[in-house]
Every structure is written in structure tokens, then in C-alpha cells.
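Naming follows writing order (A, B, C, D, E and F), and every chain is counted from residue 1.
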Amino acid sequence: MDTKNPNPAYGAHLEPFHGIPTFMRRPASRELEGIDAAIVGVPFDSGTSYRSGTRFGPRKIREASLLLWGFNAVLGVAPVDALEIVDYGDVEVIPVDISATMGAITTEVGAILEQGVTVVSLGGDHSITLPLLRAHAARFGPLAVIHFDSHPDTWKSEFREHPYSHGTPFRRALEEELIDTDAYVQVGIRGPVSASHDLEDARQLGAQMLTIDRAFEMGILGVVEAIRDAVGDRPAYVSLDIDSVDPAYAPGTGTPEVGGFTSYQMLQLVRGLQGLNLVGYDLVEVSPPYDHSDITAILAANLTFEFLSLLALTKRKEGQ
Amino acid sequence: MDTKNPNPAYGAHLEPFHGIPTFMRRPASRELEGIDAAIVGVPFDSGTSYRSGTRFGPRKIREASLLLWGFNAVLGVAPVDALEIVDYGDVEVIPVDISATMGAITTEVGAILEQGVTVVSLGGDHSITLPLLRAHAARFGPLAVIHFDSHPDTWKSEFREHPYSHGTPFRRALEEELIDTDAYVQVGIRGPVSASHDLEDARQLGAQMLTIDRAFEMGILGVVEAIRDAVGDRPAYVSLDIDSVDPAYAPGTGTPEVGGFTSYQMLQLVRGLQGLNLVGYDLVEVSPPYDHSDITAILAANLTFEFLSLLALTKRKEGQ
Amino acid sequence: MDTKNPNPAYGAHLEPFHGIPTFMRRPASRELEGIDAAIVGVPFDSGTSYRSGTRFGPRKIREASLLLWGFNAVLGVAPVDALEIVDYGDVEVIPVDISATMGAITTEVGAILEQGVTVVSLGGDHSITLPLLRAHAARFGPLAVIHFDSHPDTWKSEFREHPYSHGTPFRRALEEELIDTDAYVQVGIRGPVSASHDLEDARQLGAQMLTIDRAFEMGILGVVEAIRDAVGDRPAYVSLDIDSVDPAYAPGTGTPEVGGFTSYQMLQLVRGLQGLNLVGYDLVEVSPPYDHSDITAILAANLTFEFLSLLALTKRKEGQ
Amino acid sequence: MDTKNPNPAYGAHLEPFHGIPTFMRRPASRELEGIDAAIVGVPFDSGTSYRSGTRFGPRKIREASLLLWGFNAVLGVAPVDALEIVDYGDVEVIPVDISATMGAITTEVGAILEQGVTVVSLGGDHSITLPLLRAHAARFGPLAVIHFDSHPDTWKSEFREHPYSHGTPFRRALEEELIDTDAYVQVGIRGPVSASHDLEDARQLGAQMLTIDRAFEMGILGVVEAIRDAVGDRPAYVSLDIDSVDPAYAPGTGTPEVGGFTSYQMLQLVRGLQGLNLVGYDLVEVSPPYDHSDITAILAANLTFEFLSLLALTKRKEGQ
Amino acid sequence: MDTKNPNPAYGAHLEPFHGIPTFMRRPASRELEGIDAAIVGVPFDSGTSYRSGTRFGPRKIREASLLLWGFNAVLGVAPVDALEIVDYGDVEVIPVDISATMGAITTEVGAILEQGVTVVSLGGDHSITLPLLRAHAARFGPLAVIHFDSHPDTWKSEFREHPYSHGTPFRRALEEELIDTDAYVQVGIRGPVSASHDLEDARQLGAQMLTIDRAFEMGILGVVEAIRDAVGDRPAYVSLDIDSVDPAYAPGTGTPEVGGFTSYQMLQLVRGLQGLNLVGYDLVEVSPPYDHSDITAILAANLTFEFLSLLALTKRKEGQ
Amino acid sequence: MDTKNPNPAYGAHLEPFHGIPTFMRRPASRELEGIDAAIVGVPFDSGTSYRSGTRFGPRKIREASLLLWGFNAVLGVAPVDALEIVDYGDVEVIPVDISATMGAITTEVGAILEQGVTVVSLGGDHSITLPLLRAHAARFGPLAVIHFDSHPDTWKSEFREHPYSHGTPFRRALEEELIDTDAYVQVGIRGPVSASHDLEDARQLGAQMLTIDRAFEMGILGVVEAIRDAVGDRPAYVSLDIDSVDPAYAPGTGTPEVGGFTSYQMLQLVRGLQGLNLVGYDLVEVSPPYDHSDITAILAANLTFEFLSLLALTKRKEGQ
């Protein structure tokens, strides 16, 4: 019997089509005593500039996670054994009120972090990253940020003068000094932009930008090296917009950009962060109504599994 | 040559798969001089409590409208000949800011009404009806309202204490005295409600509620009679939530309720409004990502065509 | 705070897109002390003769149940307030072994019944009804059975000589004398059958068959009357194959038959069972891969909500 | 062993998911000696004014036909036992050349009719009915025509001046005197038309038009009576456009019109033709790319099964 | 205010989900005075040998184009600022008459070219390229042709002896000497062919064929070099069949061939044409009914954006 | 006339949308005299641990095969000309009885092999490979096995203690000594596994495992070399699980694993087997309900075409 998952309704030993889908069948619980990591859904989708639907991202990624058999054969670790993980459920977002939603995210996630639990967030659109960074920076100080995306998300404003949306979180975070500009790497940027100065703006704000062209020139291992060099041993936050991956691999998203990473390359990129001082993570922009056969959600679940594996390796190393 | 539609790119004589989809190939124009009716899209979908996606409603209904051959054989009128109609395009909504959005709707639609043009609004979720009612009541005074829906939409608040959403517009409108409570008819209400007093609340607020059970007992013609009796010759606003129709006929919506009207019944209900003093109309809650083969959008286009036919009959009668 | 649902991860007060989908946000629990009813998933789909996929039925119906706001305005009761309900999770079925699966169902459901808990089962294909009837008959004796279906499911065998499948459960149950043949009503039977004697066979085995033609002649209220007459105060089991409903309303099923009930008629049929001595229920044959926009799952959730409402009314009456 | 179907690859005894889909597992054969009826596919879709895709109609209806268990319990006959039926395969149509295609249809179908075989045609769009009527009228003289449709298909031309398309076949047939204008009934006509005189034109050309409004007033049995009265014992051809049915029941079609028949009503209408002198049949406008879960194709297969049952009843009666 | 797009109904400043979808919100106009490029839809899909549906290609690519933010960061140019572009709407094609359709295309496009406007055509199936080449060759003489495709499209005939279809345009164009055989490059050819001599035929007719195997051996930059060497400064026409891309990246097409280019490679190929003397372009074979989440249409819009960027660079250079 | 395909209903000369879909229009026949290869469907899907639906794999792959024009331009051979091929139809599987199903497969396929016919099997889930290996080993002795997959399928048991399922066939085959452990190569293994020893178990049982990481390091040609080295001239069986390919290219499968091969790489891998002593083949795990636009089925048809081409080359060489 799985003592870590005492509720048989979750059925950790069951086939993936059985039972109630918490993330990897971890207990649905907000008891955080002794917990290493909490899966936190943030189903907010009003910040998008094109297709909505990411409000169903957390639920669908949880369902897809049941396919994850448990042991990471590449990294040699079983994160659900090595770590005590709970599925915290979702932050209660308010679709018509981004300010209240951001406040709730920062408060609720802040309280989890207070208890020494790593938060693994599942979006939702990219606007949720600003309140997540606020909560993390409050605990860890300005953060190294590894930002996988096809868009820099550093617009001054979107929706006319509105400061908050999925196109602006990193500019706000930079303005609020939540990010350590010596260690802010954007990876995968591509596609048409709104003005000639968009990419230059992002760079001037402090982003080390690896466009997709640059990334393909460097090779994935080169990109990994560049990230590691920039981040060093700083506390690092990973923000993974699924649209960094090509729409062939991740069609279920709101503002797809063609010409992106393959799923294999994305797995390599996340695995490449092994050993960094990882303090936070979000995976955003999975929009299930636009997915097919859940391939985007399955990819998102796998990438999150890789991140949990990295946390598990760190814990194991610390335990030695 | 179609003198009313001088731009060949619209191609009023074309097959439905040709060309750029304005509503029924009316000119995309904001010149309102001499115009009888304007199609106005309101692509706001942040107010929904379940599935988003209605932001694509106006676009898809326009596309479906190209199937409408033009002459209404039941009512004996061709609305695009009898009326001067333009496709005004969309109000510029802001997904993260419902207050700004509502302000923009009221202002922009108010300005159209000022010019004596009837506004035919395509949503978007039902939260848009409050600002639409504000604009119409400002011009016409408290309105008779014919409200087709499976939900009363008279909650005190939704999303915790938030006053604005797709579950509250009619309570707000009643509080603001935009609706003439002697002539507010709700038709098609059904399904589980959030509390035992929900329906009673709506009635106490002034709604004459014809639940689906009552409607089926009375028969469609009986419902029509009841509506006509209640409305009389008051200036009447029609708010048609597509979820009043059964999900078999209208799957593409955000909060479907089983056990509703057929498409034929809904057509009869709209046609039954013939001769009333119709001053406004919205059709809301069409969510294309959840539609299949556009059957919901096609139904919405047809219902709007019927409403335009009613306007045309009135104009013809006035012209005699 | 919702004392009946102490785990905030379920979020009984949340919007339907929030959180982890247990049935109507009831606790995922196998603690049955003081419980009135348990939702039990039975995700077995190997018994079907055409499309598989019903293994995802329980999960998807749970998800759709989050749309059920709680109070049944027609029947005047809130089942989740009136009853203590848990979501038991799923019986662990084995797709390649129907005998082991049937054994597990009978055993596990029998144990729940032992504790005085009503079992509300969500399939899965119709083959699961045989072991469910075994468990219920063991406790209640031969059962009155109200069987909504387009097929009689009384074939001698299917898949050559195999006794167990979704086409045979009621013949097996009749042979095993699990059903009181004075009170076995089939409702909605229609479509091509495999042999001229199929329907006659079912009748000779003891079914009172109301074909769809007969049902439409009698009217829904007439059908309700006939059911009530046949069942009387016997302990009654309801088996609802979603393909009794027309594919327009329930496309997500394995062997659809055109020419069936509307969703409204089906709601009336279930509500019509009010006051009967209802001891068991299954809703089977929802196949999510063939559904669209979840309309079949939403209908299934609503029908189950109606059944729970009937249980609640009975409990309230008994409590008086 | 099924001596009528000697090729085990067809597997007449198999489950519907097994084997190669000929219509109801009849032999794929062009040997017509002793054959009563031939299923003939006509996969032409260039004649449509909106959505194409009916070229996949015959294939998908064949696949759906495997669900038809064989015995018609309402009519009391098993058409595949009572009749010798082959699946002839498809006429080789040429998408870019409607004239050559029409020629091929008339020639090929004419040759089948020559051998005393009834042709049961599966479209394809409605343009194929003109060459089918030519072939049938060549053998049987001017035909009584029972035409189920939402559109009269009697336009003078479509696609500018082009005489052939899916909107014109019945005007051409009337001009060519293929139809006995004393016995031409259109059933189900509805929706916007292109000009005020469209319906009047059809009537003046000789159609007895039962619009959907008229049909619902008369009731289905009244419609049946009217058809029988008009047709009498004339040789009668049935042309069934699937868009006569409401899009909720038949979404997979090219030019859907809301407000139509239910599947049950359509079954009643076809069954109501029992005993007429039926000499030909086509079922057209099933467009699988726009279908979902094959509900349109399944309905089409069932309607064709009903028609075959009528032929079987006639043969049985003649055999007595 | 955007003086180039005076009609606010287009809303050049709007979010992608707002408004009426002309290509990149360019004016829907046939006034060509001072215009550099015209987007011309050619919604003809009768020429396909497998799946139809490309008649909806132009409309859907226009819709997808609203996601193109405007500035090409790789090439350093904003085509909609650098060029005066209109959306001309569609050529009025006739599905049942390929000859009339081809005539209309040649005439209408020829008239646009006469005014010195570059035509950017959106198909439609590949049969439209023959009349497009006729119009361009009439103005520019025999053309260098850069032909991206998985099929050579040089069959002698298709559909038995019919000369026109989507499998024959380049043989016809070669026979008519519309193509300069010193500068005709086919890129991406692969998959089963109809006869052993198919590819050799294409070569003998004058195609320099880079099969996918050859292309992958050479690398994308090698392919670019080979194209540039072949084309030189000749007037060059680009014909881009979306099935040159792998179905993973472009599922929405009529005759998909596995084993093709990625979206990134295709972007590189188009960008590689920078500086050539580009006089015409078509993008064909996007079939929206077979697309999912519009990924094919989005890719097509992006590739067209890259082509417009090349035109913009040339104009900028000429302006210096 | 195609003397090899005398039944015009198959229409070997037809366009892909015409006619009844046997594999590549080969005769549906069980006459095996003089036949080189038989296409055999095995539509069993109860062995899957996640999504069912592969029971429709054989039918859909047959349909997709009609797109295969016939001549393999890379390998220089037309398999349907070089080989006498029949479409044998499907083995009659029993979804509720895996043991009876396995027995039927071994018996029926064994009988085909007895007649010297190569069996090309289309699944169905991977559990069918065990009885296929039994039949082949009975004829050829222990087999070299080339196993393309993302999972080793060497679990001791699945579904608790059940020995047979889609996760165990290769362990059973190894235990039964059906496989020559000197020549068993697994290619493409990746993704989370159920225990730390899973991959090591497979290796200890005798598999030479090329994980996806290893395969990408070696390059496809290196993998081909390794396979050829291991297999030598032993009788070799190819088992191709479509989930070896990335879900972007093959979404229609039951247990997708991200990070896999592209379609081009998979084609190269199959072509790389040229000249080996190939005695059997299965392609499994294509699940059409989860496919989109048939891209998975089309890939499966192409891979099977490549395998048939290899057989044809061998026959040609032997004939010299």
C-alpha cells in the first residue's frame, strides 16, 4: 500500500483511465507539513490576446499526468517517491478581475512558500507569472529567471493602456525588480512582433534573449550552457510558456507561433537545468479547447515531471 | 450591381464560401447616415463562469450569416432590401477589465442609437447585456425585456462579491431601473440553480418567469401570447441567450443546460414578436470553440435574420 | 465553510472550471460511516460491440457534474445538502478480463451496500449492470428494474458464444433470477435487431417492453404511469443506457440508435420515478471520445442529479 | 455460413468494428444476375454552394451501415434476407467535370436498371439526382417524385449562369419532363430563400410543396397521407436530402438549415411510403468532414435500411 | 489613426479576436491606384483528387493573419508599413466549371497585374496555379518558378483524360511555355507516385527536382543556394503547396504526404528567397475542414507574411 | 483492365475518394494460392492501459492506403505490381476474451503462413504481437525481432497479475523463446517508466535497447547499422508500435509518449531494413478516435507500404 497516498479513491496503483485525476495521483490536500512541493493550478484565462481556454489547463494537465508512470529513466529518479508532493488544487481566480486575481495568487502562493514548500504552478495564461514572481521574490529576493517562450511578454501595455495581461508580465516584473537582470534568459523568441523595437526593448530591460534562430545555431546543448552560465547558483525561477514549442507539438495554446522547438528539444532544455538552484516553476498557456487528443497537455505533464525530477535530484543530493 | 454594397470585395452576389465575411455581406462601415440597423459585435468572454470562447462569437456568426439567402419566406420580407444595414464591426473590449469594457459598450452603442440606428448586438457572454441595456434605456427609458435563457442571470453576485459577470446582468439592470418590471419576461429557465430561492428572487425582482416546464405546458403559441400580453406597445428589448436552446441544437455555448427548446421552437418564438415595438436585440453566449460544424453559429445567424425581418416588417408598415 | 466537504482542494464554493473534479465536489472518500449515497465509477469498456471509450465515462461525467449548481428547482430539493454523498472513486476494472472485473464489481459494490449506502454507478458499458444487479439482488432480493435503452440487451450471447458483453446482461440477470419479472420495464427500444425473434425473446423472458413507438404513442406521462404501475413499492433498480436518448442529444456513445428520446423527455422520465422505492442506479454507455463539447456527459450528469434528487426527497419524507 | 455472402473477408457474422465496409456486408460485386437491389455510391461534391465533402458520403454511410443488425422490427422484415443485394461500389465521378459525371451516372445507372435491379444511390451532393432521374425516367417514364429537402432545388441557375449544380436539379428535371408534375411532392422546405418568388417558382413548375411549417401543422401522419394521395400507384422515386433533417440530428451536411425534422420524424416519413410503387432512391448531401461521431452517416444508413425494408415488403407481397 | 486603413470596422489596432478578418486588416478594396500588392483569394477546390475543402482556405488564412503582429524581426521590416496592400477579396470561382474558373482567374488577376500590383494568391487547390501562371507569364514572359510541394504535379492527365486538375498544372504550364525551364525548381518532392517514370517525366519536362531526401542531404541552406543559382535575376514566381510541409505541421490539406519539412525549415526556405526578383506568389492546398486549431492556416499566414516581407525589402532597396 | 483486381467495385484505377477501401485496392479475398502477402487486420483494443480505440485501426489504415499511388520512388519498386497481395480482412477478435482472441490470431495467421504467404498485420493494440510471434516462430523458429516502440512492453504483468496486455507481450515472447535474444533490438524507448528496473529488466531479458537518446546520438543511419548488425540474415520480424513516433506526427494512439521520432526518421528506419530476411510485420496502436485528419493512419499506411516495398525488392532479387 502506498502510505503516501492513503486515500484509495486516488488509486496510485491504478491504470491511467481509473479514478479521480489529481496530479500524478498525489493527495488533494492543503496540509503542507513535511511537504516538499505543491502542485497549484491557476486557471485564469482573461489575460490572453487571442484564444481563451487556458482556464481548463490545470485540470487537463492533471488528467494527462496519470500517464506518467513514475520513474524518470533518463535522470534516474522517481520524483513522487523522492519528494513529498501534494496537489493543492487551484487558486480561486476571478475572470473579470485581474487585479483581485493577481492579489489572490501572490497571497496564496506566498503562504505556501512560507512553509518551505516549492510551488509548481500550472496555468492559465502568462499573466499569472507576475503575481507568482512577486510571491517568489518576496521570499527569495530578485530571481534568476529562465523564460521559455515564443514572445518576450515585455510589452509596455496591451489592451490599450492596461498594464496587466499575458503580454506584459515580464516588463512589470522587471520594473518591480523581481528579476535579477544579470540572470534573465529568454529562450525561443520568434515570430512577428508589434514594433521594430520590441525585441530591443526586451534586451534593454535586461533580458538575455536567445531567439529561436540563435538557439538553433547554438544547438540545444549550447543553449543549456548559456542558461547555466547566466544563472549560476542564483535562486532560479522557470517560466515555461508552452508556445515556445512548435504548434505541431503543442497546438493547444492561445497564441501559437510556428517555427518552434520540438518536444524532444524542450525535454532536453528542461533536463539541462539539472543542479541549478530551482526555487519556482510555472507552465502556462495550455488551452485544452484547442488541443487535440491531449498532446499538448501530455507534453505539459511530462515537462512538469522533468522539473519535479530535478527537484528530486537536488533533494537526494542534499540528503547525502 | 448591388448599389447598397458598392465594394465588390464583399460580393453580395457571391456563393457563401466566397469573400470576406461581414454580416450578410453588408458594408463594413461606421457611416450611419440613413442607416436603419447596425450589426455590432461585442467579443467579450471574461464574464463566463464555465467555458470561455464567446469572444469568437461575432466573427463566426458573421461567417454563418453568408448562408442566409436573403428572403424570409415565412414573413414575406427581405431584410437586407427593406432595411439599410451596415456591419459596424466590433466594440473594442478589454478582456481583463469588465468595467472599462462595459463603459465602452454603453458609450459606443449609445452613440449609434443617438443616430436613430437600431443596434443588433452579437456577443460575447451575457455580461454585455447590462451595458447594452444602459445605452438603450438612456434613449428609450425603462424597457420591456424579452429574455430567452436557461438561467435567470439575476444572481446578487458571482465570482465571490463581484457585481459584474454573465450571471448577474439582469439583477443589476433591475436595480438600475433599466427594465420596466411590468414587462420583463424570462423564457426557458431550467436546470439546477445555486440556491432554493434563486427563481423566487428573480420573480420578486420583477421577472415574469416562464420556466421550460411552463413553456412546454403552454405551448409555443401560448408563450408568444404571454410575451405579447406583457410587452404591449412598450419599447421592447430582446436578449437571446443561445443556451435557451437545447445543447443538441446549440452545443457551442459556455454553460449548456439540457432539456431546452428546439431550433424550430426558437424560430417560432422570435417570429412571434412580430409587430412589437422592438428597439434593441442581443444574441449572446455563442462559443465557437465548443461548436461543431457551426450549427450553433448558423442557428444564431438565422435567429438574427428573423429579428431583422421583424424590423423590416415594421419599417414597411410604417412606410405605408 | 462547507463542513461536509472539509478539503479545500475540492472547493465546493468554486466556479465549475476550478479544482479537482469529484462528482459535484463531494469528498473523494471511502469512509462510508453515515453516508447516504456513494458515486462509484466503473470504467470498463471491453464489453461493447462497436465503439469503445466508455472507460472515460466516469471521469468525464464527474467533470460535467461541476456545472450542476446544486438546487433542483423542479423537485424542490438540494441533493448534496439533503444527503451525505461521497465520491468513492472507481472500481478497479481489468479490460482484458471481464470475469475478474465482474467479480470485483459485485464484491466491491456489495460491500458498500452492506453499509447501507446507496450506490450510484457511472459506467462503463452495459456489461457492468449484471454484476451490479448481482450485488443489489444479494441485498434486496429480486429487483424491479426500470431499464431505459434502445436495445433490449437480452441476447443469448454476443461475440460468438461468449456469455458476457454489453448485449447480454439482462438475459443473464433474468436467468439468475436477479430481476422480478413482474416488474421489469424496458423503455425506448428501437432500431434494427439481429433477428426477428429478438424483441419477442425479451418479452418472453419477462420484459414489459415499451418500444419508442409505443412510448411516443403513450406520451411520456403515460410511460411514467406504466412504469409506476409495474414497479409499485418493490425495491427498484434503474439502469439508464444513454443511448436511449437520440444521438443528437447524446452522440457520445458506443452503439447509437437514431429516433430516440429528447433530453427533456429523459429528464421527465427520471423525475417521474419520484416516490418509488429506489435502491440502485447505473448510467452507462457514455463514451467521451465520441462526445462533442461534453453534451452527452452533461446530460448524464444531469440525469444522475435528478436521481440523487429523488433519493433526497425520499430521505426527507422518511425524516418527517 | 452465409451463402449469400461467400467472401469471408466481408464477415457478415462479424461485429460492426470488424472487416471491410461494404453496405451491410453485401458482396462487392457488379454481377447483377438475380439481384434485386444494388447500392451505388456517387461521390461527387463539386455541385455544392457551400461546404464540400460529400464525396466521402458513400464510404462513410457504408461504414455506418455495419451497425444495422438486420431485422426491421417495426416493419417486420429483414431486407438483406428478403432481397438479393450487392454493393456495386461507386460510379467514377470527375470532380472538375459535372457534365461528364452526369453522363457517367446516367449511363452506368441506366445499365443497372436495364437488368431489372433497383438502384439505391448514396451521394454526393444533390446535383447527382438529375442524371439519376434521367436514367430512371428512361426506364419508367415520368416519375412521381417524393423529395425530402429543406431547399426546393429549383433555381434557374446557380454559380451565375451555370445550369447544373446542387441548387437546380429539379428545375432541369421538370424542364426535361422526367417528373410527373401531378405527383411531385416536396417535404420540409424552409429557411431563407434567394428571392421572393423562389417558392412560388417551385410551385408553378409543378411541385406540391409542404413547407416545414405546413408539415408540422399537418403532423407527420398527415404528411404521409398527402404524399400517398399524390403518388398513388405511379412509379415513384424518392430523393432524400439529409438537410431535410435538423442540423442537430444531421450536422454533417453542406448547407444546413435549422428548424427541421427530427430523426424519428424522418424515419416515420420513410416508413410511411410502405406499399408505394417505389422504383428508385437517392440519399444525398451527407458530408462526413462536417459530421461528428458519424451521427449523420448513421441516420443516413438507417433511412436507407428503411427504404430497403420497403422494397423487401413489396417483394414479399409480390411473392405471395 | 491608421491612415492606410481608414475603415474603423477593420480595426488595425485591435486584438486578433476583434473585428472583420481581412488579411492583416488591410482594406477590403479593389481600388488599386498606388497599391503595391493585393491579396487575392481563389477558393476553388474541385481540382483535388482526395479531400476537398480548400475553398475555405482564403477565408481561414485571412482570419489567421490577424495574429501577425506586423514587424518581421528576422528580416527587419514591417510589410504593411512598407507596402500599400489591399485585400482584394476573392475571384469568383465556379466549382462545377474549371475552365470558366481558370478563365476568370487569368482575366481578373491579369487586370490587377496590369496596374503594376503584385498579386499574392491564396488557394484553393493547386489547379489554380495554371491560370495564375498564364496571367503572370502574359505580363512577365516565361517565369522562373520556385515550386514547393510534395508532388511534382506534372501528370499528363488526372481524372481519366481530363487535362485540368490539381495534379497537372505544371505540365500544362510547361507545355504552354509559361515557365522558363532553365529556372524551374521543385523542392520537397516525396511519397509514392503513380508510375515509375513520374519523377523522370517531371525532370525531362524541365524541372530541377530536389526531392526531400536530396533536400535533407543538402541542408536547407544548400537548397536555398540551389534555388538562387537556378533563378538568378529572372522574374520569379513562387508556388507554395502547403503539403510540402509535413502533416504534423500542416494537417489541414487535401493530399498529405508524410516525411516533409518542418515549419521552421519552410520559413527558412521562403526567407532564403530574399533579393530575388519576385513577381508572383501563391499558397495553395490549405483545407480548413481538415485543420485543427488552425495550425495549418497560421503557418500559411506566416509564410505569406514572409513573402510580403521580401517584397517590402525589395521596395525599400529600390527606394534608396 | 487490372487483371489482378478483377472486381471493379474495388476500382484500382480510381481516385482515392472512390470505392470500397481494401488495402491499396487489393482484392478482398482469402484465396491464398499464388499469393505473396496478405494484409490481415487484428482489431483488438482491450489490451490497452489508457485509451482504447485501436479496434478501428485496420479499417482506417485501409482507407488511408488509398492515397498510396503505388510506385515507391525511393526504393524503385511498385509493391502491388511486384507482389501478389490480397486483403484478407480481419481476424475475428473477441474484446472480452483476450485468450480466445490470441488463440484465434495464432491459428488463423498460422494457417496463412502455412501457405507460404507473408502476413502483414494491422492492429489493434500491442497485445496482438504475442500470438503473431507464436505463429511466426512456429514456422520460422526463434525470430530476430526489430521492435520500434516508446515502451519496452516487457512488464511482468499489467492489470494486477494479468499476464496478457499491451504492456507484456515481449516478456511473454521471450519467456516462450519465440525471440532469438541475440537479435532482439528495441528502438525508440523513452518516457517515464513504472520502476527503476524496468529498462534494465528488458535488457536482462535479452533486448538490445536503443533508447531515443541513444538513437539520436547515433543518428538514424547509425541505428540502421546497429539493427542490421544484430539481425544479420536471421528470419526477422518487425513490430512497429506507432507510438515510437512523436505524438505530433502520430497523435492517434493510446499511450502517447512525447519526444519521439519524426515521420521522416521512421520512414528511414523502415527503409533501412532493405535486404534483411523479413518474415513478418505488424503495425500496432493506431487509434483513429484520437487521430486528426487521419495523419496517424496515413503514416501507418505509408510505413506499411515501405515494408511491402522491401518484400517486393527481395522477391525481385530472388527472381533474378
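The rule we apply is simple: a contact is a pair of C-beta atoms (placed from the backbone, for glycine too) under 8 Å apart; a residue touches a chain by one contact, two chains touch by 3 or more.
Since we're looking at a predicted model, the values are computed, not measured.
A repeat of the C-D interface exists among B-E, A-B or B-C. It is B-C, with more than half of its contact pairs matching by residue number. For the touching copies chain A and chain E, the fraction of interface residue numbers used by both falls below half; the interface is of the different-residue type. With centres defined by CA atoms alone, the chain at the far end from chain C is E.
In terms of their C-alpha centroids, the spacing between chain A and chain F amounts to 38 Å. Averaged Cα coordinates give chain A a centre that lies 40 Å from the centre of chain C. Multi-chain contact residues, meaning those touching two or more other chains, occur in chain D at positions 17, 51, 55-56, 92, 159, 246, 248-249, 290, 292. Taken pair by pair, the chains that touch are A-B, A-C, A-E, A-F, B-C, B-D, B-E, C-D, C-F, D-E, D-F, E-F. The touching residues of chain D, when paired with chain C in their complex, are 15-17, 67-74, 76, 78, 246, 248-249, 262-264, 267, 292-293, 295, 298-299, 302, 305.
Of all residues in chain C, those touching chain F in their complex are 45-48, 51-53, 55-56, 92, 94-98, 100, 127, 159-160, 162, 164-165, 289-290. By the touch rule above, chain C contacts chain D in their complex via residues 49-51, 159, 190-196, 198-199, 211-213, 216, 246-249, 251-252, 255-256, 258-260, 290-292. Per the touch definition, chain F reaches chain D in the complex via residues 7-11, 14-15, 17-22, 28-30, 41, 43, 55-56, 59, 62-63, 87-90, 92-93.
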